[in-house]
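Structures are listed in the sections that come next.
Common to both upcoming complexes is chain A, partnered first by chain B, then by chain C.
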Partner chain A sequence: MASTTTAPRRRVRAASGGGVNAGHTLAGWLFTAPMIVILGLFLVFPILMALYVSFTSWNGNGSPFQGGANAPLVGLRNYTDLFTRDGLMRQTFMQSIGNTFYYVLFVVPLQTITALGLALIVNNKFLKGKGFFRTAFYFPSVTSSIAITTVFLFLFGNSGAVNAFLGLFGIHGPAWFSDPRGLFHLAFGAFGIDNPGWAQADVLGRSLWEWLSGPSVAMMVLIFLAIWTTTGTFILMFLAALQDLPEDVEEAAALDGATSWQKLRFVTIPQLRPSIFLVTTLGLIGTWQVFDQVYVTGGGQPGGTTLTPAYLSYGQSFEEFEYGQGTAIAFIIFLIIVALTWLQRRFLAEREG
Partner chain B sequence: MQRTRRTIGIIALGTMATLPLAACGGGGFDNGAGSGSTGTQAAASGPAKLSVLIGSSGDAETKAVTDAANAWAKKTGNAVTVTAAADLAVELGKGFSGGTPADVFYLDAAKVGTYAQKNYLYSDGDQVDSASYVPSLVKTFTYDGKLQCAPKDFSTLALVINTDAWTKAGLTDADIPKDWAGLESVAKKLTTGSQTGLVINGEWARLGVWLRQAGGWLVSDDQKSMTASDAKNVEGLTEAQKMLKAGTLKYAKQVDAGWGGEALIKGKAAMTIEGNWIKGALAKDAPDLKTKVVELPAGPAGKGTLMFTNCWGIAGKSANQAKAVDLVKYLTQTDTEMGFAKAFGVMPSTTEGIKQYATTYPADEAFVKGADYGTGPIIAPGMDAVLSDFNTKLEGLANGDPKAILDQLQKNGEAALKG
Partner chain C sequence: MDRSRPLTRTVFHVVLVIFAIIYLYPFVIQVATSFKSDPQANANPLSIIPNPVELNAWKRIFGLTPDSSVPILHWAFNSALVTVLVTAGRVFFDSLAGYALSRLRFRGRGFLFTAVLAVMSVPGVALLIPKFLVTKYFGIYNTYYAMVLPLIVDAAGVFIMKQFFDTVPVTIEEAARLDGASIFQTFWHVVLPMARPALITLTILSFQGSWNEFSHFLVTTQSPQYQTLITGLASLSRGTLGSGTQYPLKMATALLTTIPVAILFFVFQRHLVRGANEGAVKG
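And now, the complex of A and B:
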């Protein structure tokens, strides 16, 4: 698709305004028209409609586009309420942001490092049975996340396989999916710190102590699940990039007497930068939108510690019928993702110079 | 050249902008404009085609409702399609936002206030014989002084006991708990090995019975203000916490069960607090398990239990409201309701029906008796989110502070009731 559109354009520019090639431009648009119409109809237009809904307090009774009592315009209230209006909604929303922040913080670096490591191993010339490993690593990625989450529910049950395994070593495993305690809180607890005075400051409706909770034990399971299922796809991307790397550069490095660690650090990884950017960006986008795992594990239980903005948006819209609020949350996720991707791009670009 | 490209681009954008509009304009938006929830539309004279959306517990329920609806259709010369939704709330939301809701649907009591407030409902209260329904149900579905929808069926919470575990622990009929102290002592005796005395769902819809037995409740009688931080509620919740701390009461999740009934079936609980829907699960998954259903013990303020109910909602946008009302009347007739009771075990919503039910199913006596003193669901709009947050807090009740939990609920509830 991309090549059909760009090729004629380039030629047009070369001809610098000659009328002979006008037909080419038209042809290009004609060829892309079906895709533009489909994307517009099912993607761009619904997004614009949703954006409009986020500025109304649509009650879900009839069309929101006729105005009137069903969907009065409320300006930015749906957005500002989430940040400034003290109440349950802000509290829940902020909790979901906090949860997802920790989720992203753990999942993105871990999945990138794991994927890169495994890709380097699988790419090794001397490894036997590569095909097997590639299939095995990729397998979780092609399985439905709903199915995997359901299996995890059994594995991490109170008397599930994981706790039975831990029991073999005399470890009494936690009640994974019903344990709302935060990881950082547990770490603080080990030093005898519990809800200290310095952490009482109120930040956007939650105390600093609540913000510092870290991912809950239940969220840790979801983090592990996400890393396990997404790594396969990212291994594939790294593998493709690794196989594209020129071998002579590596040989030159070897001739210069670089150790294998130096080769990795100063030759391979810098060359992989575009892939690393791709993987972290895709990871960032995917993790901020996490929904299905939350849906299967009971919509944010335990204690709202696995609640994510994406699920909250769904719940607000389709269960509470507060469509304006729900779509506003969706657009806030969008803005967060755009902002983070932009930051990340700058960060990676700066080091290039 | 540049300009040509841009022009075509604009045309393309324009096309995709108008297409969906055309698609949307066609449907039911137009006929919705005039008909508010109060507008009685002239009954169409010809035969109508009604759609009924239900949230079914299984094939038995779908079949029974379909058969009853078809019987009405045959009698009156109309046509009815009954659809069982996988996720009723979401399906209903889609119907309303698209402008073409089902004519008649199951409606969860907790949603009635929200639906009424948003003008989703055609309140048929003045057209059905409200005196024929169980009074506490009529009270439940009355919002803004009007009966919003006809009660469909109901259940109350009672204590379900595994009688084998009961006798094994050396208990007799004389030990059936009459008060909180009695419940504590039998729960303690029944807690052995992997079996917990009492296992319930960790949510306000179960723990609320302690509040009622202590004489408190979360909202005022008219559901216009919050009474959650009342000292009686604290007393009730503290009693439940006491048993949780002692380990004689556990949440279903703690024993790896989805709900109290499953814990009972798996032998992880000797007693549970559930409604009469547990009968179906017991018959299906544990036909050999011997159980006994008794009324909940009384607290310091006497007996108390919670009621659960659904109603038959009629869409404010339905084009066949008069016929929908007629269908609902047929479906809530005592005969039809007794048919449903036989098919899938729900308790009739009419006073006459519940009388017949009590004689037909004497084992369900405790559930039926609960109707006399049970408290119905909270239907005020906006309370759903508040109560689910309350549930979240109740998960941590064992190590939490009952008063702080209730104070938080009070604060959140006040904000929600204000709108």
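And now, the complex of A and C:
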């Protein structure tokens, strides 16, 4: 994008004489030097360091780069252990993947639909108090995830506001943050199915039944928290896109006798496709990185059902002192995010074509 | 859609009001709870009028009680210090680099811009252990240097400034250059004053980002003396400080972390809105 817009201008300027452009090379490198130094030293270089550490089993003592008893090289073992070696590590890692899978499955569609729906409503010309509603929806997005999670710990506490509210209707709410029961397990339970024989197959160290748990009740709170804090930003993106839509297309549809619903379904939504793609991509990237909320709520409690790979990577390093293992998990998250973005781009490109 | 139907209009308004309550009510409860006593917070979590008004949580925050287990004023000092340094650094260095990438013709510029885009796509959680390793390696782990230095330039900010300078016509700068101003003089006296809207956006995003920063401080410091409001609140909420539920204290501390960003948000709302969209372009 940048190269296509700058290329013609460069030719024009070169033709206008070298006087104005004199000293550009020196100034160019001087102006970018702080950026190169800081990003180079504190971002690119440490990623390479971490890549090396992921091939060792450094225990946190001494230097990770001198081998020896503290940091012996173990090749790809930190990576392969997560997938092929039967044990607690693989089980925990796979649980964190399963948790995140359900988290993504709920958060991404719900936040996209909620944001799109609210944006479509707020965008109506006849509505009053637009500014107020936009502000109200955006406000949770600007506050820190730590502060918000603290508030949610209180709201969803055993004697918190949510259960007090449910109590008004005679509903006895669950002990949200300490309830490890899976949503799908609860649904199966309603039909009298509990850990049946057909669900005993072992898949990557966990039984099929464990994989089918669905998000735990505690995870549902984190899911709600994510939707609540992210929709505001996405509403703004949709609103910006809606305001850029050409009005004549919609008017033409109205003249052709299209109903409101038809206009929405066949005119507005297709035109919003780039924004919907952007929001789902940002959602996918964000949901695989959940860390702060898990840290505050106790590092994966209850029963590991809110554990995410991002937190596991931290915990394995800074709490279990297996830095090689923790770093390997971090690189796998990195790969998952890159792969998801790439897959989604491919998918959308095919549908467009 | 159809502006002649009052029923649709009413339904839409009701939907918006319900959602507005869901989005704002937790903050109302938070404020109310900070003025309650511990037992009161547990007994009446829904009430938004504390009765009686209990100032204990706020007294503890402002150091007016003998209990100094939660040094919130010290945390606030650290937050303010780090935020000011990081914001100042980002605004200056990001606009320098953004300007060079947009305007100056030099070999390697294309490569640098590609590198900025690549750096922007690195997910933050993949950087926790690298940041810990590198601050240890340079011997600055558990210092203010480790908290500030890695944050004083950010790729997203460079990108925003570059995109902005791309939209500004070059004629004024060229006039200044022909009058004999150096490149830096032109940048400082001519370009930056024109870049005010972008600089405001960048200031807000940097302030919000560094004030709310958590994981970077978590992995680059260890001593309680370096805790910020956010890392301090995280350990308070996680239950490693003090005893009991302490909900009023937690709500008050969370409120304190929210206030500066909230003020900034209301004052510069329009810029923040624009910033959110500019940040989005990177995806």
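The rule is simple: the second predicted complex is superposed on the first by the 310 of 353 C-alpha atoms of A that agree within 3 Å, B and C clash if a C-alpha of one lies under 4 Å from a C-alpha of the other, contacts with A are read in each partner's own complex, and residues count from 1 in each chain.
Rule of thumb we're sticking to: a contact is a pair of C-beta atoms (placed from the backbone, for glycine too) under 8 Å apart; a residue touches a chain by one contact, two chains touch by 3 or more.
Here the structure is a predicted model, which means the values were calculated and not measured.
In the superposition on chain A, contact is made by A:140 with chain C only, not with chain B. When the shared chain is aligned, chain B comes close enough to touch A:180, but chain C does not. In the superposition on chain A, A:36 contacts both chain B and chain C.
Contacts of A:204 after superposition: neither chain B nor chain C is touched. Comparing chain B with chain C, the partner in contact with more residues of chain A is C.
Of the two partner chains, chain C is the only one that A:236 touches; chain B does not reach it.
Of the two partner chains, both chain B and chain C are touched by A:323. Look at A:302: by the touch rule set out above, it reaches chain B but stays clear of chain C. In the superposition on chain A, A:59 makes contact with chain B only, while chain C stays out of contact range.
Counting contacts by the rule stated earlier, residues 25, 29, 36, 41, 44-46, 49, 64, 157, 159-160, 317-318, 323 of chain A appear in both its interface with chain B and its interface with chain C.
Those residues of chain B that touch chain A in the complex are listed here as 1, 4-5, 8-9, 12-13, 15-17, 19-20, 24, 29, 32-33, 89-90, 93-94, 96-97, 99, 114, 118-120, 253-256, 316-317, 384-386, 389, 392-393, 395-396, 412, 415-416.
Of all residues in chain A, only 12, 17, 22, 25-26, 29, 33, 36-37, 40-41, 44-46, 49, 58-66, 87-89, 92, 157-160, 175, 178, 180, 300-304, 317-321, 323 touch chain B in the complex they form.
Interface of chain C with chain A (complex): residues 1-3, 9, 12-13, 15-16, 19-20, 22-24, 26-27, 29-30, 33, 41-46, 93-94, 96-97, 99-101, 104-110, 112-113, 115-116, 119, 121-134, 137-138, 149-150, 152-153, 155, 158, 166, 170, 174, 177-178, 182-184, 187, 208, 211-212, 214-215, 218-219, 230, 233-234, 236-239, 245, 247, 250-251, 253-255, 257-258, 261-262, 265, 269, 272-273, 276-277, 280, 283. On the side of chain A, the complex with chain C involves touching residues 2-3, 5-6, 10, 13-14, 19-21, 23-25, 27-29, 31-32, 34-36, 38-39, 41-47, 49-50, 53, 64, 118, 121-122, 124-129, 132-133, 135-155, 157, 159-161, 164-165, 228, 232-233, 236-237, 240, 260, 263-264, 278, 281-282, 285, 288-289, 291-292, 295-296, 298, 310, 313-314, 317-318, 323, 326-327, 330-331, 333-334, 337-338.
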